[in-house]
Structure formats: C-alpha cells, structure tokens
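Written below as structure tokens is the structure these notes are about.
Chain lettering (A, B, C, D and E) follows the sequence in which the chains are written, and residue indices restart at 1 in each chain.
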Amino acid sequence: MSFEPFILSFKLALLTSLILFCITLPLAWYLSQTHSRIKPFIEALTTLPIILPPSVLGFYILWALSYSSPVGAFFEDTLGVKLLFSFKGLVVASCFYSLPFMVQPLQNGFESLNKNMLEASYIAGKSRLTTLFRVALPNMKSALITAVIITLAHTVGEFGVVLMIGGNIPGETKVASVAIYEMVEIMDYSAAHIYSAVMLGISFAVLLSVYIFNARQSRRFGL
Amino acid sequence: MSFEPFILSFKLALLTSLILFCITLPLAWYLSQTHSRIKPFIEALTTLPIILPPSVLGFYILWALSYSSPVGAFFEDTLGVKLLFSFKGLVVASCFYSLPFMVQPLQNGFESLNKNMLEASYIAGKSRLTTLFRVALPNMKSALITAVIITLAHTVGEFGVVLMIGGNIPGETKVASVAIYEMVEIMDYSAAHIYSAVMLGISFAVLLSVYIFNARQSRRFGL
Amino acid sequence: MIKLNITKKLHGANGAMQLALNIDIKEGEFVALSGKSGSGKTTLLRILAGLEDAQGEISVADKIWLHADKSLPPQEREIGFVFQEYALFGNMTIEQNLLYVTKDTKLANHLLEITELKEMKKRYPHTLSGGQKQRVSICRALMKRPKILLLDEPLSALDSAMRTKLQNELLTLHKEFQTTTIMVSHDPSEIYRLTSRVLVLDSGKIINDAKPTDILLKRQGSQKFTFQGELLEIKKVDVIFVAVVAIGQQLVEIALSNSEATSLQIGQKVILSTKAFAPTLS
Amino acid sequence: MIKLNITKKLHGANGAMQLALNIDIKEGEFVALSGKSGSGKTTLLRILAGLEDAQGEISVADKIWLHADKSLPPQEREIGFVFQEYALFGNMTIEQNLLYVTKDTKLANHLLEITELKEMKKRYPHTLSGGQKQRVSICRALMKRPKILLLDEPLSALDSAMRTKLQNELLTLHKEFQTTTIMVSHDPSEIYRLTSRVLVLDSGKIINDAKPTDILLKRQGSQKFTFQGELLEIKKVDVIFVAVVAIGQQLVEIALSNSEATSLQIGQKVILSTKAFAPTLS
Amino acid sequence: ALAANVSYAMNELQTAFYKKYPDTKLRIVIGGSGKLSAQIKNGAPYDIFMSANMYYPEALYRENMAITKPRIYAQGALAILSQRPRDLTQGIKIVVDTEIRHIAMANPKTAPYGKASMEALKNAKLYQKIKPKLIFGDSIAQTVTYTMTAADLGFIAKSALYCLKMKKFKKDKNWIEVDANLYTPISQGIIITKYGSNNSAAKKIYDFILSKEAKNIFKKYGYNTP
C-alpha cells in the first residue's frame, strides 16, 4: 500500500483551504459589511461552482486552462506555470469548486458578530485588518472551524474535477480519492476497502481533534 | 431538449433539503446546546460522509442498500420499498452525503444566538419546540439560508453517488447532473453546453432571488 | 411563599466565591435585592427562574421547584423576568414581542401606552435606543401577569421622569395582581418607594435583611434637621464664603465663616444640621 | 474645540424625528448629556465617534472630522468610548481587553486596581456580571488616554459606593489629562458632581444648555431651608401624625398637625421648609 | 446498459432494431463498464449489458449474475488522434516527436482501450521513452476530451471518430489507425443479466446485437467484428 495518494490528498486539501481562506476572507468580510445592491449577485455567483456536476465543471475548467484558451495561454506564457495535469492545476481547480464552502460559513460568522465589538476595536485605533484578525476571527471560532473543515473534507473527497484536469498522474495528481475510485473501477475491492478505511481513519482522527480542541476552547471562554 | 432531468434534479434537491432539514434540526440544536463529552465524536461523524469520493461512497451505499445487506433487505421485505435504482433511493443517498452541509451551518447559527433570548422564551412559558421555530430559527436567517442553499446546490451538482445507486434511468433517476455527465461522456458537447447553461441559468435565478429576499429581510429588521 | 435554600460555586471578584442563601419570601412581598457589583444578584434571580442550576432546594407555595437533581423547567415556573441585558426577540416587532408571551392585545396596548412605546410598536428591537429596549423588556415580563416577577435593574437606563412613572406603574401592578416581586436596584429612593424589604448581598451571602426604613432612615423625627451631603464647592461671594452641598439630587448653598471655609475640604462628606422651628410641608 | 453642526433622520418615538444639533464644546470641558430615553443621546455620541454617518460638519481643534461626504475614520479620532452595551472582546481576558488598546501594563494595572477588578483580570467577559463588564468597558476606554472621552451611561449598572468611587476617578483623570468628556447620565447629583455643563436633548434637539447649578440648584443661600421631596407615608404614632418624606436618598420624619395629615396625599411632591438658624456644616 | 463507446453506434442500431421489432421499447443507460457491472452485481434493473471489454461480463458470469456466457459483439480498434494536422503516416512512432508534449490515453487499469494503448506502446518499444508525456483519462470519452483540449496526441477508440463532432478530422492528417498487430483486439462482450432472464424482449435484443445486420452497423462505426 502506498501512502503517496494520501499525502497528496492532504497536501491538496491543506493548500486549497489555506489559499481559499486567504482569498475569501476579504470577500466574506466585504459581503458581511456591505449593504450594496450588488451583494446578492456576488452571493449567488459564489454559490454557482457547486451547481454543475464536478466532472462537467472539470470539463469546462479543462477548456479554460488549456493552452488554446486565453487563460491557459496567459498562465503558461506569462507566468510560466503549466496548470493542466499538474498539482498546481489541481490546487487552482479545487479552490474554484470549493469556494462556496469557504465563503458562506465565513460570511455567516462575520454577520453574527456583535457590531459594537468591532466598533470598539476601531475606536481603539485598530485598523480593519487588525480588527479582522484579532477581534472578528477569534470571536467566530465555530464558523471558522465549519468553513475550514467543510472545505478540507470536501476537497479530500472530491474527485470529479480532480480526475478531469489532473490526468491521474501518480505522485503528481493521483490523490487518494482518485486512487480509491480507480480501485473500485477495476473491482479491486479489498484494496479499496483498505484505502477507504485508512482515509476515514485519518480524517476521523483529524476531525475529532479539531472538535475536541474547539470544545476545550469554548469551555475556556466560559461559553 | 427534455426538461425531465431538470425537474428530477430540483425535485431531488428540494426533497433532500427538506428531509435533511427535518432530521438535522434536532441534531444541530442538540449539538449547539450540549457540553457533553461525546459532542466532538458526533460532530466528527457527521462530517465523514464527504471525506470519501462520491462514487466510492456510492459504491458502499450500493452495497448497503442492496438486497444482500440487512439494511436493503429490511427496506424491501418489511417496508416494501426498493431503494436501489429508484428515486427514493436517490433521496436516501443524497440525504446521507449532504448531511454535513446542513448540520454545520445550522449548528453554527444556533451557537451564535443570544442565549438570553432563548431563555426569555422559556420564561414566557414556551416549549423548546416553539422556541426553536418562533425564536431561534427566525433569528438566524443567514445561517438557515446558507444551510439550505449549500445543501440544495450540492445536491443538484452531485452525480457520483447518484449515478452509482440511481443507475441513470430516464424519468426516474436520470437527474440533470447525470444527464450532463452522460452528454460529456458521449461527446455530445453542444447538448452538454445547453444543458449546463440552462442549469446555471435556473440556479442563478433561484439563488439570486433568495439572496435578494434575504437582503430585503435584513433591511426590514434594521440590521 | 418562596422558600429558598441554595448554594452554588461562582468565580467571585477575589477568586472562588460561594453563593449560599437561605431566604423566605412571603406572598405579595416586594423585595429589593441590593449589593455590590458581582455579589450574586443576577445569579440568584437566574437560579430562581430555573435558568441556572444550584444545589439545594426551592419551593414556591406548595410546589417544589428545585430539590436534589430535580428542577422544574422555567416554562412551568410562573415568572416574569426582566434581563439585565434586555434579550428581546430580534425577529419580532415590539408588539409581537409582547404578544408572543400572551395573545392579549388589550394588555399589550395598555403596557405600551404606559411606557410611551405605543407609536413605535411596529418597529424591530435593533432600531431602539437602550432605554426603549429596557421598557419593552419590562412590558414583555408583565404580559404573562406572572405570580413572581424578577427584575434585574429594570430601570437603570431610564431618565428620572420615566423612571418615576414606571416605578408607580410597577407599584400599581404589584398591588393589583399581588405579584411577588424581587427587584435588583442600586437606587435607595427607588428601594424605599417600592419595596417592603431589602436584601443586601455581599460575596454571595446576605449581609442585611431589613425594612427599607431601617436601612435608609437617618434620623427619626426630631427638632433638629440633619442631612448627609457632599461638599461640592466653596465659592467666595463678595466677602463671605458660600459652600455648595449636594443633598441627594438637590443642592444647597450655605454661608460659611472664614474658619469653616478653610477647615473644610471639597469632596468631603458633611453633615448639615440646623435647628428647625416648625418645619412645614406644603 | 469641538464644533458640531449636524442633522440626521431618525425613527423617533412618534414617527420620524430629525436630529439637529449645533454645539460648541471647549477643550477640557466635562459635558453631561441628558434627556428622555430615545431623544438621541447615544446617536450623538456615535456620530461624534464616527460610527454613524450624518449630514453636516464636525471639526475638532483644527482638524475636520466630518465635512460633506468626507468622514475621518474612527481610528483617527482620538477618542475613548464606553458603549451602553459594553461591547467587550469576548476572545480576550479582561487584561487583554485593556492591553489590546495600548500595551501599557502599568496603566492597565492601575485602572484594574481602581475598579476592583485586579484579582479577576485573567477571566473572560462571558463570566462577568453586568457591573463588572461595565467597569471593564470604562477601563478599556481610558487605556488610550484619549483626548475626547465619550461615556454612554457608564455607571448605570453600579452600586452607589462603586459609583462614587468611579465618579471621583473620572474626575481625577479628567483633570489630570485635560480630557474633553461627554457623558450621558440621568443622575442629577452625578451630573452636578462631575460636569461643568449640561446639554438636555429632547426629540433630537437641544432644549437646554446650561451649567448644572442652573438646572439643579433649587434655592440660593438663604435663611430659609427648602427641599423638594416626596411624601411616602403618614403614620400615626400615639396621638400625633408623622410624615415620612424622601429627600434625595434620605428620609425625614416630620410631625404633622391633624389638618395637615388629612390634606396631604401619599405620593405627593411636597416642599419641606423650615426657618433655620445658623446651619452648620461638620 | 451499455458502455459509452458503443453509444455512437447505438443510434443506428436502435433504428434498425425498431424496424424489425416496432413494439419493443428500448431504454438505454450509458455508463462506465466498471460502474455498470457493480450496479448489476447489486441488482440493477438492466436486462442486457454491453461492456467495453470481456473482463466485466466474465466476472458477472462467474458470479452467476449473467444467464448467458459472454459473447463478443464487436472488437474495438485503436486510433491515434491529433487535433492539429500532422504527418501521421509514420504511425505510432510519432509519439517520440519533440513537438508532442502530452499524450492522452485512457487509464490502462480501468479502461480496455487504455490497456490496449499501453500494450501497443510497449510492443513498439516506445513506452519508456515517452512515459513522462502520458496523461490518463478516466474513460475513452475523457481521453478524447484531453486530446481535443490539452494534449497534443491521444489514443482513442476508432469508433469515437464516427460521431458527428469528429467528422471534420481527416485520416492521416488528424488520425490514423494503430497497427492492429501491436495490441490484442479489444473484444467487447454482451450478456443477458439475471434481472433480464425472464424478459423475452431482452433475448430479442441480444440476438439482434449478435446478428449479421448489427455487425454491419458496427463495422460502419469502425469496429471489427469476429
């Protein structure tokens, strides 16, 4: 049994969550604070990536990123990054389709914050950025955990898009979900069971520790 | 072009969201109110359904629901319901794999409610149930919307599990996502484009109206 | 009517603190709960309301509310509660907040009238000022015509006119329905005006349980008038010194001799006394 | 120093209400803001702090804080703000709440000492009582040694001992740092003790702008003592009637004649006057 | 239930079948052979299973899920496709061309066409040289997609070239057949499932697919027939 697919999977999930977190943080923050008329449009747009079936979405991403499209050409010629059939491409695609799972809980969390608390931070002379990191985020731990956990889990489990634009290259784009899928396809059920069990085991351990940590934390704050 | 797959898709998504909402409401409520030691275990468990790739999950569900398993036998012999390769089965499976998307935002929403407000309702002589529906839920609209929207969207977009246990039977289990997937598989790209566009169009319209409605609502409450 | 004998561990201002109370309250009594900030007043009310657990026993009339591990749920304790932090239902208008408790439009209108909220009954709590929220919270607690009314600093955010008005209203309601009322308050005149008994808490224990008059009355009728006050200012007016003394919410100016003027310090608590001949009321 | 000329539309108690204020406040002044609940006090403070927008202009010293559409962000207005609803940072201990504002451990310890919170500085806001939260909120606002201090009923949830203590503290700090302070308060003696000017708001307009003495002082120095009070009770003691009158937070008992006893009604506002010979302070 | 690659020919097969049996209605379910066989194992309501290989039907037969021994109804042929016109007359050797950076083929583990492609490369002794260029599609359809978008060259089913979309591609410029000697023929098997055992229509279809008439149609779509 090879651990490579698992490592790839978790690397992908972690990277995706991290990047997505950085990207969506300002977006979710903006959405939670604005009353602009375009807010519903942006909200609807950010939900769209999960409407299409993953493999179909993968199909379109494949098109968009291939050299014949301007996006793909730009990445390859200007930035020198080849996205298709590479780990980098997987990260980009994962970020795209996991977007709603990160944005929505974060926005929710921001919206349920006590507004006076944020204002108190501004009055203390702290910038929006400081307020975001030192006041807003620490006071919405459970929203934060939901956002990250759902994104992580969904990225680990997703395989439609990954399979499509990754090309199933061992060590590069053959993540655990794709590996297990392949085993089921060739009816190598016993291997599939083992891999699934390992996957579930590791994930359960990770999830459990996060949730236990969270429970401790909220007890500390006297919630 | 046939609208049947779309109608099936939205029927499936609506039913799934509705059932899931009813099931997870008490669960999320319990999780948000308890400080029990088993809380992190339940939380971790409810997240697991999205860890496995959908088609693999589908494979296991296929097993579990087939006549050779006790679950499947029970449903068929005792309840007289055949779950595999039928719309009912799709609903059951969808509920299972969309579980985390409903539980987590709901739990979050409950946790960010003002505790005194709930207590005020108890003191007013209202039962937990009344409080849940008349005080808790209406005060966490955005969490509610997130839960329902993400579940709806994810169910509409999902095809791995659906394909596996539904068997792609026209009019019964051939939902839009499966239909589009099939078109891509047989390289009928123009049909795939049209179906995708319709799918995105309808979904965008639905999402947009929900978000606009939500924006109106929060303006009404003076938030 | 209310028999309460409970203990509970709290984090006090100086480390662990034991709330240990043994109180009997008669039916229809209006009890004031006073004491330093953090002494356990809110906690006591919450325990009475069934919102917080505690060791010990509570029985009300002939019903047992708390005994060993059995605790009557808040829903079945016929109480009204005004929270220190209002806790209004954000999804309901002011009117709906009241009607949620009991579908009694007449009573709701009556209460809203008294609290001068009638014109704004269709508004949502988020757009209210602090004092307006507090008034809604009081109205809501009264909607159930509760047997026992628990008030946690119910008038703290109100101006004195509104405060007086609501005090009278509370008194009227109290008399009308024979509600047993427990009110947290820091204002002695409010305590005197409303209540028939004061419990003073300190660090979770009752350090004083008396009639308001015993605690507040400074001088029994006498030929000599004596007031406690605070020296606020000494001004020189022409050649004489004038002291400004605050007595309650009123100020008095008193001519001082030179020596007095130099011996007194601003901020000092002073006793103002005068031989009074035939004080008259009018 | 502060020049403010603003208007803002609000939902008042009786429908739409226009907040329209034109105020000049001198540097180092201690201004009291008073007025009925819902008259716009909190809104005024929030506009000053830059938390709410308004039409008009605000300039402070020689800096423009608000002009047309340009508004200086709250971060750059050197203010301290005590919120009516505390608004503490839930993720930080009491101490961290203070140090978040300025990393000045000495000042933090000093403030926590004064407010009797020092022993509990490692605790989180969720476990605090109402009054404790309010004190933390005051400390936090003072941590920046702000040029302008905005206090929204900062002492409403405190017992009178703590209240007096903090009043003195606020006064000391005010004098020490020459802070310009605006405080919402409903308590006349507090207003008199602390402030040099009172603004009374009603329905968004200033209806009174005067010295506290002008508003509060009932009688200028006189040979005749006069107090306003409230008649609480008429008791029969042996053969004479005794009236209990509340003056401020003190009670006085006065012997009444039979005819007086029948003509007076309980709850009535009364004037108590007496010829005083040589009142003395001690 | 039938494998995706047969779907192109299926339209015409269907028309021909309806001509013969106007009263029998066909319901067609398309999917990956692996998935379909897993479903059949668990009682899917498919009467007939037309797989893309012999492996799945044989496995089903072994497990008594099929009532007929798997029979070959067509043999797929392998083709090389390039989106841009190239000189393809050199045959499979084109894969070593330095201009070619990515070569798409179906996953040799899961797809029969992938297995054949791999065999062909190995037999031509080219595999080691071009190993890093390979990208693997999940199915033949995905491989075609890769070929059309991101890869320079792809090993696909010849039958895929007969669908409408692909008519624009020219033999020798865009595609060529891979020398049939380089790989074992891709035999596609058909069975009647246990579910279809009592369905008389199933037998009709089964016979029709194996008939001479159907064979001609398969030939037209680039298959070989036994």
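Going forward, a residue touches a chain if its C-beta (ideal position, glycine included) is under 8 Å from a C-beta of that chain, and two chains touch if they have at least 3 such contacts.
Quick caveat, the model's predicted, so the values are computed rather than measured.
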item: Set of chains whose contacts include both chain D and chain B; value: A, C
item: Labels of chains that are neighbours to chain C and to chain D; value: none
item: Centre-to-centre distance between chain B and chain A (centres being mean Cα positions), rounded to whole Å; value: 19
item: Chain A-chain E separation of Cα centroids, rounded to whole Å; value: 36
item: Separation of chain B from chain C, taking each centre as the mean of its C-alpha atoms, in whole Å; value: 50
item: Distance between the centres, which are taken as Cα means, of chain E and chain C, whole angstrom; value: 85
item: For chain A, residues contacting two or more additional chains; value: 59, 184
item: Two or more partner chains touched - positions in chain D; value: 85, 123, 127
item: Chain E, residues touching no fewer than two other chains; value: 35, 38, 142, 145
item: Chain pairs that touch, as defined at the top of this document; value: A-B, A-D, A-E, B-C, B-E, C-D
item: Contact footprint of chain B on chain A as seen in their complex; value: 35, 39-41, 43-45, 47-48, 50-57, 59-60, 100-101, 104-105, 107-109, 111-112, 140, 142-143, 146, 149-150, 153-154, 156-160, 177-178, 180-181, 184, 192, 196, 199-200, 203-204, 207-208, 210-212, 214-215, 219
item: Parts of chain C lying in touch with chain D, wherever the complex brings them together; value: 11, 13-15, 34-38, 41-43, 84-85, 116-117, 119-120, 123, 127-132, 134-135, 152-153, 156-163, 168, 186-189, 192-193, 213, 216-222, 225, 227-228, 230-232, 242-256, 260, 264, 267, 270-282
item: In the complex with chain C, residue positions of chain B that touch it; value: 114, 116-117, 119-127, 134-135, 138-139, 220-223
item: Chain B - residues contacting chain E, complex; value: 55, 59, 62-63, 65-68, 84-85, 163-165, 167-170, 182, 184-189
item: List of chain D residues in touch with chain A within their complex; value: 49-51, 73-81, 83, 85-92, 100-101, 123-124, 126-127, 140, 143-144
